[in-house]
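Each chain gets a letter, A, B, C, D, E and F, in the order it is written, and its residues are counted from 1.
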Amino acid sequence: MYELGIVKRHITRADRVAVDQLAGFGVATVHEAMGRVGLMKPTMRPIYAGAHVAGPAVTVLLHPGDNWMMHVVAEQIARGDVVVAAVTADCTDGFFGDLLATSFRARGAGGLVIDAGVRDVKDLTAMGFPVWSKAISAKGTIKATIGSVNIPVVCAGALVNPGDVVVADDDGVVIVPAALAAKTAAAAAAREANEAEKRAKLAAGVLGLDMYKMREPLEKAGLRYVD
Amino acid sequence: MYELGIVKRHITRADRVAVDQLAGFGVATVHEAMGRVGLMKPTMRPIYAGAHVAGPAVTVLLHPGDNWMMHVVAEQIARGDVVVAAVTADCTDGFFGDLLATSFRARGAGGLVIDAGVRDVKDLTAMGFPVWSKAISAKGTIKATIGSVNIPVVCAGALVNPGDVVVADDDGVVIVPAALAAKTAAAAAAREANEAEKRAKLAAGVLGLDMYKMREPLEKAGLRYVD
Amino acid sequence: MYELGIVKRHITRADRVAVDQLAGFGVATVHEAMGRVGLMKPTMRPIYAGAHVAGPAVTVLLHPGDNWMMHVVAEQIARGDVVVAAVTADCTDGFFGDLLATSFRARGAGGLVIDAGVRDVKDLTAMGFPVWSKAISAKGTIKATIGSVNIPVVCAGALVNPGDVVVADDDGVVIVPAALAAKTAAAAAAREANEAEKRAKLAAGVLGLDMYKMREPLEKAGLRYVD
Amino acid sequence: MYELGIVKRHITRADRVAVDQLAGFGVATVHEAMGRVGLMKPTMRPIYAGAHVAGPAVTVLLHPGDNWMMHVVAEQIARGDVVVAAVTADCTDGFFGDLLATSFRARGAGGLVIDAGVRDVKDLTAMGFPVWSKAISAKGTIKATIGSVNIPVVCAGALVNPGDVVVADDDGVVIVPAALAAKTAAAAAAREANEAEKRAKLAAGVLGLDMYKMREPLEKAGLRYVD
Amino acid sequence: MYELGIVKRHITRADRVAVDQLAGFGVATVHEAMGRVGLMKPTMRPIYAGAHVAGPAVTVLLHPGDNWMMHVVAEQIARGDVVVAAVTADCTDGFFGDLLATSFRARGAGGLVIDAGVRDVKDLTAMGFPVWSKAISAKGTIKATIGSVNIPVVCAGALVNPGDVVVADDDGVVIVPAALAAKTAAAAAAREANEAEKRAKLAAGVLGLDMYKMREPLEKAGLRYVD
Amino acid sequence: MYELGIVKRHITRADRVAVDQLAGFGVATVHEAMGRVGLMKPTMRPIYAGAHVAGPAVTVLLHPGDNWMMHVVAEQIARGDVVVAAVTADCTDGFFGDLLATSFRARGAGGLVIDAGVRDVKDLTAMGFPVWSKAISAKGTIKATIGSVNIPVVCAGALVNPGDVVVADDDGVVIVPAALAAKTAAAAAAREANEAEKRAKLAAGVLGLDMYKMREPLEKAGLRYVD
């Protein structure tokens, strides 16, 4: 599936306006707005609570235990990009730490999503550099085998094309294809528009059963109340 | 084991006085007071540190990827209840978020224990609505299949009858059968009564070996000291 | 592999000066300084963020569900020691809580590393007693079977001899053999010496590709840039 | 939940005729006939392929690493019973081997379902003694702590009351409450009755789309065909 | 990433000659011939030993606990195709059993690769219908939500486009992009060509160290022999 | 803990007579004879049923995704040795296949125990070359980084010194220190001596409760029988 040894320099990033709009929504809302698809696995967790980022993906394909390509991808980062790192086999090693974070930040990266481990998490937290990973591990890596940059990758179960929008928060990570960014932002906005009203009703004690008119379909489905 | 399509409206909740007494103890103490049984699996974790709740269980049985019954159970919540949600097969989807939490809180719920995933954890944390779950996931659910409310359920390895007492804190979740609530509260109180004294002795440097008179049984068991 | 029923009273602790030097470095740095070995598995996590400890290991071998030997090891703790607890089979029970922590602290322990579960984590956090474990669980243990103290143990995949140096922080746990403590501390210091300079360069936008002179070896390895 | 230290000698076993009828169906059919409930987790696997058993449950509650109660439950086995063993915390130790299997077989046991590990699997296979377990492990156990026999237990996520029917095959394990055994057997028979006809149609190339008349509901649900 | 509610009827299958050539190689060889990429995760296991299949992929995207689309994909199977089933979230339910296998076989399917569970494995084995799955589970599914057929899917970590070649054996599953099928078959053939000679040398006692001329590079890398 | 870049050529193998005696016992018996220690984790499984081997360990330390040292260890194999391969971090890649097995067999190896993955399992099974591993994976490895041969390693939780006795069967893998080999063989023999008699009694219907005289201690422990 993957072509190895390639660095694609010019990618088409999702529309900036749409990215900025998507940045205003949580991952759950964005994922619902796409029809409940596009999520990475829930094994991907932020290294500190409260992190929230949205930006175009620059992608990198790594080999287990080898972070050489992390230096290659650094050069391809434009301001606001989110690096998405996939690995060719399961690995929890610490591919990324405070030095790479310093470099990524200097390039303008908004954050990192990596289907592996990271280290120096105390420093990363102090820097406010957001990372979503499946592990925290001090295990170091070598620089021996080349992968690729800005090819399509599978990261934590999600297909990510370079330029797609990455949205990540405490609930996880979702990928919005670049071509769907504007449409998804609009759908997310529509979804949120009436949430305030719903929330107020629910807070006032109205039941979802009544607000969503569920009583009849539930009865039809066979639900019965007993004492 | 499970009867599907049932909502039991009237349940016998554990004695309020006993519930309030149990609320004063940690999960570890309560579980010891019952003879070291009744715990849910340690995969059940609070979504934020420091949460602590005790209350009668209202139970709900869900199907994987389907949170329809969460709206049904909302109506059955009395002030102080803790909702216990089981699923008929392993699932990490996000069955519960800020809208449902708003509704549950309006009904007086003390918290939620769910053997699945939840989302909007930043909002839930801000609300101070405590949840114990096995996953955090933005993955949304559908409303297609009915389960049951207030039937006995197995949640994270523990049998929970409606009305049983749920005690949950940073160490996990324990279930106290309603009939044993008062007895367990008394046993927990007895257990804690002499802990202050023990703690003071240990802090002063007295060894457990001496305080608990373990040297002789250890020697009998064959322990020997070498240089 | 293990001799059971033994308590070794006199162990040779790593050189105090070297231990104090190692305490100044993070786990990732120490592990790199040893040639990328000596780490415990990344399943070992601190119970609260920001914990950092270094000290000689006193070791204890436990049986699943049985914490009797935790009281035996308490007596062997010297000021600054870190207790390393291994179990003869996988177990997530809560072997350690606030009473034992009070005792360990009174003996001068710097912390605990245990390949199992712990409980009373709110109290341990309040005490500032650092623990690295693979689980948090309220499940209590019994006192029925003897193990050993201060024998070599395998803990979370790492061999630990009594007196070895344990270094633990947010990134995990690393073991430095006592005989290598001084040499490792020196290597770690050398490693960190030029990190400040590197960090400044990277922060100024210099790429790792250039700073580490990677462009030529990457090209030799076959990397090619496309548009 | 559990009362410890109890051996219930007289239990009400499910109707023998219904048990024998259920023995004629696979686990998948039985579970569907109950409304898709009652299954143990898919972590429960047979130690050899082709095993198939149905019989009333005699239950035993064990502590981790302690198989003392396996000898107690042996005495309560009647011809054709299936022993269901639960443990109070996660454990993969080998609680059962060829000696116990010899004893169980002499008592007439049809098999064992255990939410833990077993050993001597080559011998058990040679004996044709069927076991469903979550692990195979040579790890031995002690005899120090009492549990209970013939109390309701939670085993691999399923509630099992003594006397309930256990059906187990290559697909897993399902529990049929004694009171539902006859009704479930009838529902399973009805379910299988028209399967032969369906199978013949499908084998002849008729599509499920047509046989189940799914084309219209799929179209209503929004499915569209493109080239 | 995924468009839902689509069935693509016309797909471009990999060249038949190349597929037949690839069928002559094992998964390990094919994956090496592509540069060590394209494998699904090792959690994907055959339901019986000795299964081996190669064929063009027809893909289906399912929702957790819902196998409705399995009937839709059946119609799109051409002789020799291998169905690749992905799910939008982790799920181990049994989506596939003997009735669907009968239908798939009647359509000419060579096998099934599914990132979920299957059931009726005794029947599937008797039929000789090969399946690679991550679980075996009797848990049934519903038919409520539509997915898609013949869109690109991510299955067990691998991107699969309809028409790509699936090769599966006891070692796992690899995906060869249709456009690379002929080239990969050639590379695999070249790889195997000299294996017979190598095998003979190794069988005669020649060491890989000498046959591959590794002694010098190992020495350069710092390896030293001690007594 | 580990010294890298070392190949120790001369090791002291356990006494041949003791090894041959140990070969006559199962893993469970040997592990009991050592006091229930020395087992590898139950994640280590044979690639085919019925495999059974005993022999002195030659050890190899690998890096994740790198099998270079497997060729180095091949040269150190003496007839009857069992290779024990550890990895410096978790990895499921396929480090070993039919070519290496051909080489190992030509050197006289009795088998392989590896805390990682292997491939070509159909060939290995046909050859009758026994392997215990934690995974089966077609994923290939590189040859870039040196490890060590015949140093002490931690493999699947067990400490293995070169020359120790490895015993492996369907129940798992146990390590007997060379110095304890004769003593352990004697203890295993003593253990088995009276098993035939016990088995006969149990087969005749005598209960373990009576044969082991457990009724009194159980009653003392508080067990009570109810109707």
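Throughout what follows, a residue touches a chain if its C-beta (ideal position, glycine included) is under 8 Å from a C-beta of that chain, and two chains touch if they have at least 3 such contacts.
These numbers were taken from a predicted model, which means no experiment stands behind them.
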Chains adjacent to chain B and to chain F under the stated definition are A, C, D, E
Intersection of contact sets, chain C vs chain D, gives B, F
Residue numbers at the chain A-chain B contact, same meaning over half shared and different meaning under half, come out as different
For the pair chain D and chain E, the C-alpha centroid-to-centroid distance in angstrom is 31
Dist(centroid_CA(chain B), centroid_CA(chain E)) in Å evaluates to 42
Separation of the C-alpha centres, chain A versus chain D, in whole Å, is 41
Going by residue number, chain B touches two or more other chains at 36, 39, 88-90, 92, 137, 139, 145
Contact graph of the chains (line, ring, star, complete, other): other
Touching pairs of chains in this structure are A-B, A-C, A-E, A-F, B-C, B-D, B-E, C-D, C-F, D-E, D-F, E-F
In their shared complex, chain B is touched by residues of chain E numbered 63-66, 88-93, 137, 139, 142, 144-145
In the complex, chain B touches chain A at residues 5-10, 48, 68, 70-72, 74-75, 92, 94, 97-100, 102-103, 105-107, 117, 119-122, 125, 135-140, 143, 145-146
Counting only contacts in the complex, chain D reaches chain B at residues 1-2, 4, 35-39, 41, 88-90, 152, 154, 157-159, 175, 177
Listed in rising order, the residues of chain E that touch chain F in the complex are 26-28, 31-32, 36, 39, 42, 45, 49-50, 169-172, 174, 195, 198-199, 202-205, 207-209, 212, 214, 218, 221-227
